[in-house]
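Structures for review follow.
Look for subunit A in each of the two complexes below; its partner is subunit B in the first and subunit C in the second.
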Partner chain A sequence: MRAFYGTELANPLMLGTAQYPSPAILAQAFQASEAAVATVSLRREGADGAGNAFWQMIRKLGVHVLPNTAGCHTVKEAVTTAHMAREFFETPWIKLELIGHTDSLQPDVFQLVEAAKILSDEGFQVFPYTTEDLIVGERLLDAGCKVLMPWGAPIGSGRGLNNTYALRAMRAEFPDTPLVVDAGIGLPSHAAQAMELGFDAVLLNTAVARAGDPVLMAQAMAGAVEAGRLAHTADPIEPRDMAEASTPVIGKAFLS
Partner chain B sequence: MKIILNGEPREVSAQTLAALLDECGLSRRVATAVNERFVSADARGTVDLQDGDRVEVLGAMQGG
Partner chain C sequence: MTDFRILGAGVAGLAVATELVARGARVDIVDPMEMPGKQSCSWWAGGMLAPFCEFENAEDTVLRLGQNAKAWWARHTQVTENGTLVVAPARDVPDLKRFARRTHGFDWVDGPGIAALEPDVPGFKTGLYFREEAHLDPRNALHDLFLALKRQGVSISATPARGPVGQVIDCRGFAARDVLTDLRGVKGEMLVIRAPDITLTRPVRLLHPRLPLYIVPRGDGVFMLGATMLETSDRKRITARSMLELLTAAYTLNPAFGEAEVLEIGVDVRPAFPDNLPKIRRIGSTVYANGLFRHGFLLAPSLAHGVAELVLNANITELVDEDHTERRTA
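Presenting the complex of A and B:
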């Protein structure tokens, strides 16, 4: 697996921490998923200290923490959020989200590139949530990103990989860059497909957290990314239009 | 002095950001910003608050 800013992940699954029925189920889902990375965010802290309790729980998971800038719509707020996250979570990693459209949560790639440049220059290790656009990918790499995270489909939609053609093209265009399908995964088959395409990891949240049984779905996702990873390594056959008999014809008895 | 703390108007006596956190029971692991500018933990004691300042105090939260 390609390294993420020098860090080799033990497992190609990155799992979000939102929307679980309870903290206990979140912890069990992480265990079942074998995820190597947990995404987290920063929100207003109340007098109840809920943020600290959550942070203690995440630390106990023993995974890499990837803070996000979810919900940010401007370069300024994303950059400020990143500064706050770096201090709080004590990591240079930042999942850079700059939302451009309210309904689709599509990234605003113009602001994304701008913010990525500012943060990379300041020593952040940026994981940009982007589209599958190759030129945007180039610009993000020029800005200093060493990871790209194209969406599979809109966040939380569970639609899977909307544009496998473009994702395949990304893999071919950026052979040395770690690529992560971030968002849109609904089923283990979607996650497996991303890995079969040669992606280095899959980042998902809703598919597990909102499943009827999150822990079981986490286990299913773990199996899926492993199957997909193995399949890509195994060099799969190319699809063809016509049948090709797998059973040898030679030696077949004459019985008609 | 009246400030806006996490979006809510609040009458406080604290003169610095560090004192404000003490006064409001938020002296723990948090990240802070004043008037949309990040203030690092070690700078909180040196940031004087002004009437009308907008203070954000953030903690860890679930995220995707």
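Presenting the complex of A and C:
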């Protein structure tokens, strides 16, 4: 697996921490899935500072914490939120999310590149939530990002990978950059597909947190990313139009 | 001297006191304000007795114990048994289907069905009607418990009488975090608005991807609009975003809410344990009853029953958390 700013992850699953029925179930979902990274939103729950009981609970999970700038609509907001995150979580990691469209929560890629440049220059290790656009990807790398996180589908939509062609192209275009499918995953098959395409990790939240049994779904996702990772490593066959018998038939006696 | 001293006159403290007095115990209550009020988060509650709706995102304990609430409260205060209506805008109907899959106790209702139940919720085509649910006015309910206890000779004071003290039952909610280290605060924000032209006869919930937004009629054109859930114990004030979300929910239900007067803004934190379920713990000689989270009125009767069984009959019921020290170090 490609390293994320020098950090090798034990598991290609990144889980969000919002919307679970309770913190206890959240913790069980992490244990069951062995997810290596927890994303946390500072924007709304930040008001009581580092003593926040919820954050202390996240720290106790013993996984890498990836704070995000969820809900930010401007460069200024995102930069300020990133500063808070670095202070509270003592990590240079930041998932940079700049929302451009209210209904689709589509990233505003122009502001994203601008904020990524500012934060990278300040020493942050930026994980940008972006679209599958190759040129935007290049601009983000130029800005200092060493990870790209394209969406599979809009946040929380559970629609899976809307544009596998573009995600495959992205993998080919950036062979040395760790790539994460972030957002849009609804089912384990979606997560497996992302890994089969050669992505390095999958980040999801709603699909697990809002499942009827979040712990069970977390386990299912863990199995799926592992299956997809193994399949990619195993070099799968190419699809073809006609049957190819796995056992040769020439020379066999045919009886009708 | 009394048998029990209860700390806190919120819904937990008053329900525990009521249950103990009903079983013949002598109790007194210590509360800084000497009566129910803004010092307790139950003052700001919705007062929905909605175990089936809450079960959508809660453990089955909430569903099971929550069903005891309606009968218990009906013995002590006015309970309106009119069900709950849950609606979603057309674009969020998948969320309504998921909501329906996760719980039971409802009938699907279509546009005319919604109009028949609540004529002032226009424009919705799909909803769920939870016939068995009920609601009450939290402030009236707290006052009714308070007055009944006073009538039965229970003293409620900020500075209790000196002398020997009965067993202490700590129902201080979030303030007990000095002892209950795994208790956290979950911020809630609510509004009270007046819209005399609108009539609702039951709580109406609007499905929202993140928040369960609801509006509860309080009578005389007054409505309670709630409630946010934020993982923070900061309770200084409401944010503009929260107010926008709450008011947008009301406006979505009926644009005439745009003309409503805002009477009150409430902000407080709900005390919650990591599994969001209430617990009864014995630490030293004190019994702690806490962690009602967003289910104060729904689960206080069961919490009070559990405390009474523990302190009067040494009976360990399901909310009693005996192995808490073990679990905390595990």
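The working rule: the second predicted complex is superposed on the first by the 245 of 256 C-alpha atoms of A that agree within 3 Å, B and C clash if a C-alpha of one lies under 4 Å from a C-alpha of the other, contacts with A are read in each partner's own complex, and residues count from 1 in each chain.
Rule of thumb we're sticking to: a contact is a pair of C-beta atoms (placed from the backbone, for glycine too) under 8 Å apart; a residue touches a chain by one contact, two chains touch by 3 or more.
The shown structure was predicted, so the numbers you read here are calculated from the model rather than taken from an experiment.
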item: Which superposed partner A:I25 touches (first subunit B, second subunit C, both, neither); value: second
item: Which of subunit B and subunit C A:F174 touches, first, second, both or neither; value: neither
item: Dominant toucher of subunit A (residue count), subunit B or subunit C; value: B
item: Touched partner set for A:N52, first subunit B, second subunit C, both or neither; value: both
item: Contacts of A:Y5 with subunit B and subunit C, given as first, second, both or neither; value: neither
item: Which of subunit B and subunit C A:A85 touches, first, second, both or neither; value: first
item: Shared contact residues on subunit A - subunit B and subunit C; value: 18-19, 44-47, 52, 54, 156
item: Sites on subunit C touched by subunit A in the complex; value: 57-59, 98, 101-102, 183-185, 187, 209-210, 230-234, 236, 239, 241, 272, 274-277
item: Complex interface listing, subunit B residues touching subunit A; value: 6-7, 24-26, 28-33, 36-38, 40-41, 56-64
item: Partner subunit C, residues of subunit A touching it in the complex; value: 18-19, 21-25, 27, 44-48, 52-54, 57, 156, 210, 212
item: Complex interface listing, subunit A residues touching subunit B; value: 16-20, 26, 39-47, 49-52, 54-55, 58, 67-68, 70, 76-77, 80, 83-85, 87-89, 155-156, 205-206
